[in-house]
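Letters A, B, C, D, E and F mark the chains in the order given here, with residues in each chain numbered from 1 onward.
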Amino acid sequence: MNPVNAFNEYRQKMNDQILASNNKIIKRIFNLDTNAFTEGAVPARTKEMLGLACSMVLRCDDCGKCHELGLSDEEINEVFALAILIGGTIVIPHLRRGTEYWENLKNNV
Amino acid sequence: MNPVNAFNEYRQKMNDQILASNNKIIKRIFNLDTNAFTEGAVPARTKEMLGLACSMVLRCDDCGKCHELGLSDEEINEVFALAILIGGTIVIPHLRRGTEYWENLKNNV
Amino acid sequence: MNPVNAFNEYRQKMNDQILASNNKIIKRIFNLDTNAFTEGAVPARTKEMLGLACSMVLRCDDCGKCHELGLSDEEINEVFALAILIGGTIVIPHLRRGTEYWENLKNNV
Amino acid sequence: MNPVNAFNEYRQKMNDQILASNNKIIKRIFNLDTNAFTEGAVPARTKEMLGLACSMVLRCDDCGKCHELGLSDEEINEVFALAILIGGTIVIPHLRRGTEYWENLKNNV
Amino acid sequence: MNPVNAFNEYRQKMNDQILASNNKIIKRIFNLDTNAFTEGAVPARTKEMLGLACSMVLRCDDCGKCHELGLSDEEINEVFALAILIGGTIVIPHLRRGTEYWENLKNNV
Amino acid sequence: MNPVNAFNEYRQKMNDQILASNNKIIKRIFNLDTNAFTEGAVPARTKEMLGLACSMVLRCDDCGKCHELGLSDEEINEVFALAILIGGTIVIPHLRRGTEYWENLKNNV
């Protein structure tokens, strides 16, 4: 299995298990996570960029969200650039993994 | 003096002092900070939202950058909403200060 | 006005202003923040200690939540001790402010 | 070897190597780490929950400590819920790994 | 009173209060904090630079430790430069406060 | 292939891919990253220790930089000790990986 599908499968399996706990707070946060990225005063597309930049400066390895962005390489690179400027070179290892994942996504189509 | 002007004055004074050090690395990072937020594949306006969201999730008190955004209240609120969702309730004190600052900016015109 | 009351007043005023924005995501997160700390499999009292420890390791200045804990000095000190052990000496300035605030709370009664 | 045992073995091996360095500061911190979680004004069981919540909001992958908690699923879920509320959705990938590890622990008996 | 003396006084007062708690873990960590910065395989002077750089990337406002460094302006600036490179522009507000504090220290003699 | 060479190869491959993006901000930050660690008022050797300590307190897994330090075991251990004191026990998992990597480096010669 390619790494993108493997990650999606893992994520789905663990999310199912987490939600099976029936903890109301956890369920609502997962729910908000879906609702917050819909079209509003700020377009959904911009919101995904916000989510990606925030994830990177917080040094998160899980770029799962960016995978249906429909963003161009140039847009992704500008978001990455802001992330390492604001978050510092400490974010570079995540930039590497983000870039690797992005390549996998493009080759996955 | 109102708080917005007081902050701008302090920021300018300290930036001048920092740049007077003539440290090449510091100068270039300040320089990049200006260049990175210009129009590109991602519009300048979106970049300012990215900067604001990243600052908030990193729990930064210095919202200096957002002050010429020309963003609407609704846009600011959606950016704030994503920031406390992604960054957690620990960001709420910064949401309070951000909201206070935003009000001061609007009353400053 | 003493510092505890001043802080409470500021917090209330800013929360009112934030909620007046009518942003659904923000409202729900504030709401969860209230619901999450109620009695459950984990007692409310333990949850407040969890909230306090998490705030300290994340280097948060807003200890507003701990103010109705009914915790003893010894309990507070053990929570503080874990926080600076796990979070490191970088948390010490927040330990100072937490201690100061705690004293103010006790003198406020 | 199952993942829980593999992790414990790796942790033990590396801790041995770290302590073999004979650096006094490192030794004392490891020592404090053991002493801090003993019974006191705050019960040991509550302290383990504090440790787990702090680790999660700081986005730590090493949940080694929680493995002898004797906590119920409901308690673990409430601690997890507080962690993603306070620390934000950025903590969710760690929630997945924490849940996975917890399952492994239960199947390990 | 000048800001440096005011800060030192506040720090001393709060440290005294914290240590008066007689919590063994807290006392030992404060103790380690003193011992760790003494001459060793790494010189004390280098250790103070390490402490300063770590504080800045962790966005700490309490530069109390650097105040008896005997470091030159050039050395301080190079440490600051590394801190904003590694930690990102989010560290700049702390760079401002650090620079301000450093100036106060020099004028304090 | 041994883990040190595998990591170096991965890092080189991803850096090449990142720089191939031709994003000016990203290129300049990578460039600064090289320039900032050269001899200056602070010796290059001290700068590498600063970089290592900052990486550890920020809980970075990528110790790539420390691999040509020429530092002694005692120096590395003192830097590690400061990092877990300042950054807290949450840094210990990274201490384990750092120690493992350091051993691999020594066995790699």
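Keep in mind that, in the parts below, contacts are C-beta pairs under 8 Å (C-beta built on N, C-alpha and C of every residue); 3 or more make two chains touch, one makes a residue touch a chain.
Because the structure is predicted, anything quoted here is derived from the model rather than measured.
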Would you mind naming the chains that touch chain C and likewise touch chain F? A, B, D, E
Which chain has its C-alpha centroid farthest away from the centroid of chain A? E
Centroid from C-alpha atoms only, then distance chain B to chain D, rounded to Å. What do you get? 36
How far is the middle of chain A from the middle of chain D, if each middle is the mean of its Cα atoms, in Å? 26
In chain B, what residues contact two or more other chains? 25, 29, 32-33, 36, 54-55, 57-59, 77-78, 81-82, 84-87, 89-90
Chain contact graph: line, ring, star, complete or other? complete
For the chain A and chain D complex, residues of the former touching the latter: 10-11, 14-15, 17-18, 21, 23, 25-26, 29-30, 33, 54-55, 58-62
Contacts from chain D onto chain A in the complex sit at residues 59, 73, 77-78, 80-82, 84-85, 89-90, 92-93, 95-97, 99-100, 103
Touching chain A in the complex: which residues of chain C? 24-25, 28-29, 32, 35-36
Chain D contact footprint on chain C (complex, rising order): 29, 32-33, 36-37, 40-42, 46-47, 49-51, 53-55, 57-58, 72, 74-75, 77-79, 81-83, 85-87
Using the touch definition from the top, list the residues of chain F that touch chain C in their complex. 57, 84-91
